[in-house]
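One structure is given here, and the rest of the page talks about it.
To keep things simple, chains are lettered A, B, C and D as they appear, and every chain counts its residues starting from 1.
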């Protein structure tokens, strides 16, 4: 299991534009880090670079287990990392049940915790609806289902709570707390502060 | 120096993940607008228009029946390729696929496999009917179906690669055709050649062997090049 | 590992080389043209033999340019080097033009020899396929808005094309054995009279050097263009 | 001897050579024009931006340019019309 995520000397640019360089960050099990910065400062790109979806210009992203042994990058990402981006990755033509089931099975383990996910985010009434009938907030809750349904140590979250109302924000905060208690790691890009103790990494950026 | 993530949270295993993705891809192919029906309909339309264009004389038609069937097959295989990766890129599902237990190369292969089952298989069943209608000797029907089935896999692999390359392009559908059709030449040559040889009393064996070899080769190329193209589009 | 992979060093090294290449190409073209029209006409093909001196070099270097494109694509993919990508991009247009010329002159050669403008023989068909590969490459490159992504996608295609070209060639040859009545007089294959070697080889070299000059110039232009884009982006940032 | 009498194949030989010459000339012209154009554009930009940083790695250049006192001038010249 991932115990430490360490980023050293990371440089990322998009096209001709340099987003940040020489970035260092270390997150340990049970720890949450909040990523702040202006729009376009590179929050999303940093998360994508950690998830291996974007190739950094320089620097290194490394994963270590509790004994300090390095983990294979591909396996750490393919088995231990959740990435929840702006887009929910849901197919509008399929039902919520099909989509949640696929996401949990694809990312998850032998026993997909579908019921836990349904219970955590109040998805039961949505399950038989096609995704196209769901509101933005409902879709986000459905996408969050995979965080609970297929447990993975590292959560990379990009504005996770943006479409949620106050009630579900509280529910999600609770889930994050549980994840940290279970020695999970969270790195979240947010505009509003997270409702739990977290370090802040400010990417700054032009205003 | 690096060791695998420890084994306690068991992944679903290769077969499990493959099945999960394959089921989803097939569901999307069949569900989303009836891609296979569309391809078969297109195939049938081409077959019907052709005699009207060149004249219905069996003496003109029947020598080229096999070739026409193969051309129509290649064109029909191009349909529905455009949405293969594009929709997953648009809605973010491609990120999800990249973070699964399987490497992206396998994801590309599974998608190609789904394309083959969803589109290639129905087309392989339609091909003998179309070839018959064009005047192909009935004795060649099993060979037509078999070669269309093998060739369909080649079209699926190559087409999947084209779809991955065209990610992020304007008018992807047209672009895929221009990129992929030159790569369709070997399967069309070997597939139609098998029919032609059989029609002239020779053994279609070598042609089928070449066809199969090309399909295997295309699978390997499509996996690696397709994965590289997908990663490029994601980053 | 490549001394020239640094754009600065590349510019410095190729700066004096390019004018030399242009000059050599011009001289060779002039000499080759002179030789081409001073050799006696072929007893069989008559004056049409002179078409060969522009047809075969165009075909050879059309293929050569695609190899350059494919190999550059490989280096662009593996080493992610901007210079290799510039080289792949720069080879596409001259290569496509050479290939188109080979098709056009081949057709003009075929008409008096075969009595038809186009023959589906293996060689002509292969050149046609090569041209289609160029079309696909340029279309892909042009239709992806993000220049970096378009470049990498095109590089993948260039490499795939390079690997596939021999296979397509093989399939076309195989197909040809199936259909070719083999009664044509195939230009070029009937054993070239040694009297035609000087003009032929001169033109072959001339086309090669010309391609090298075009290619290098285009790479240099591409490097400059990218620098300009970078500078403009920087200024936009300041404004 | 220079032999320019192509009968009976003049209709084939001359177009082949003529079109080849035209296409090659067009290729050369295009290459040279593009080369000149970007060369001039680059020289203009490098003269405009007094930054010593043209050859330095991108990031520093961008940052140092932002903070420089003379950046208003740079900005103006960037906006200024330039054909």
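Definition applied: a contact is a pair of C-beta atoms (placed from the backbone, for glycine too) under 8 Å apart; a residue touches a chain by one contact, two chains touch by 3 or more.
Chains and their UniProt names: A = Cytochrome c biogenesis ATP-binding export protein CcmA; B = Heme exporter protein B; C = Heme exporter protein C; D = Heme exporter protein D.
Since the model is a prediction, treat every value here as computed from it, not as a measurement.
> Most central chain by CA mean?
That would be chain B.
> Looking only at C-beta pairs in contact, point me to the busier pair out of A-B and A-C.
A-B
> Measuring from the mean C-alpha position of subunit A to the mean C-alpha position of subunit B (Heme exporter protein B), what distance in angstrom results?
Those two chain centres are 35 Å apart.
> Between subunit A and subunit D (Heme exporter protein D), what distance separates the C-alpha centroids? Give it in angstrom.
Each chain reduced to its C-alpha mean, subunit A and subunit D (Heme exporter protein D) end up 46 Å apart.
> Whole-Å distance, subunit B (Heme exporter protein B) centre to subunit C (Heme exporter protein C) centre, using C-alpha means?
So the centroids are 31 Å from each other.
> Do you know which subunit C (Heme exporter protein C) residues sit against two or more other chains?
146, 230, 234, 237
> Mind pulling the subunit D (Heme exporter protein D) residues that touch 2 or more other chains?
Touching at least two other chains: 58, 62.
> Mind pulling the subunit B (Heme exporter protein B) residues that touch 2 or more other chains?
Only 235 qualify.
> Please give the residue numbers of subunit D (Heme exporter protein D) that touch subunit C (Heme exporter protein C) in the complex, ascending.
Where subunit D (Heme exporter protein D) meets subunit C (Heme exporter protein C), its residues are 1-10, 12-13, 15-17, 19-20, 23-24, 26-28, 30-32, 34-35, 38-39, 41-42, 45-46, 48-49, 54-55, 58, 61-62, 65-66, 71, 74-75, 78-79.
> In the complex formed with subunit A, which residues of subunit B (Heme exporter protein B) make contact?
It is residues 1-6, 8-12, 16-17, 20-21, 23-24, 27-28, 31-32, 87-88, 91-103, 231, 234-235 of subunit B (Heme exporter protein B) that touch subunit A.
> Going by the contact rule at the top, pick out the subunit B (Heme exporter protein B) residues touching subunit C (Heme exporter protein C) in the complex.
My answer: residues 161, 165-172, 175, 178-179, 181-183, 185-186, 189-190, 193, 196-197, 210, 214, 217, 221, 225, 228-229, 232-233, 235.
> Contact residues on subunit A for subunit B (Heme exporter protein B) in the complex?
1-2, 48, 51-55, 65, 69-83, 85-94, 98, 102-103, 105-110, 151
> Residue numbers of subunit A touching subunit C (Heme exporter protein C) in their complex, please.
Residues 15-17.
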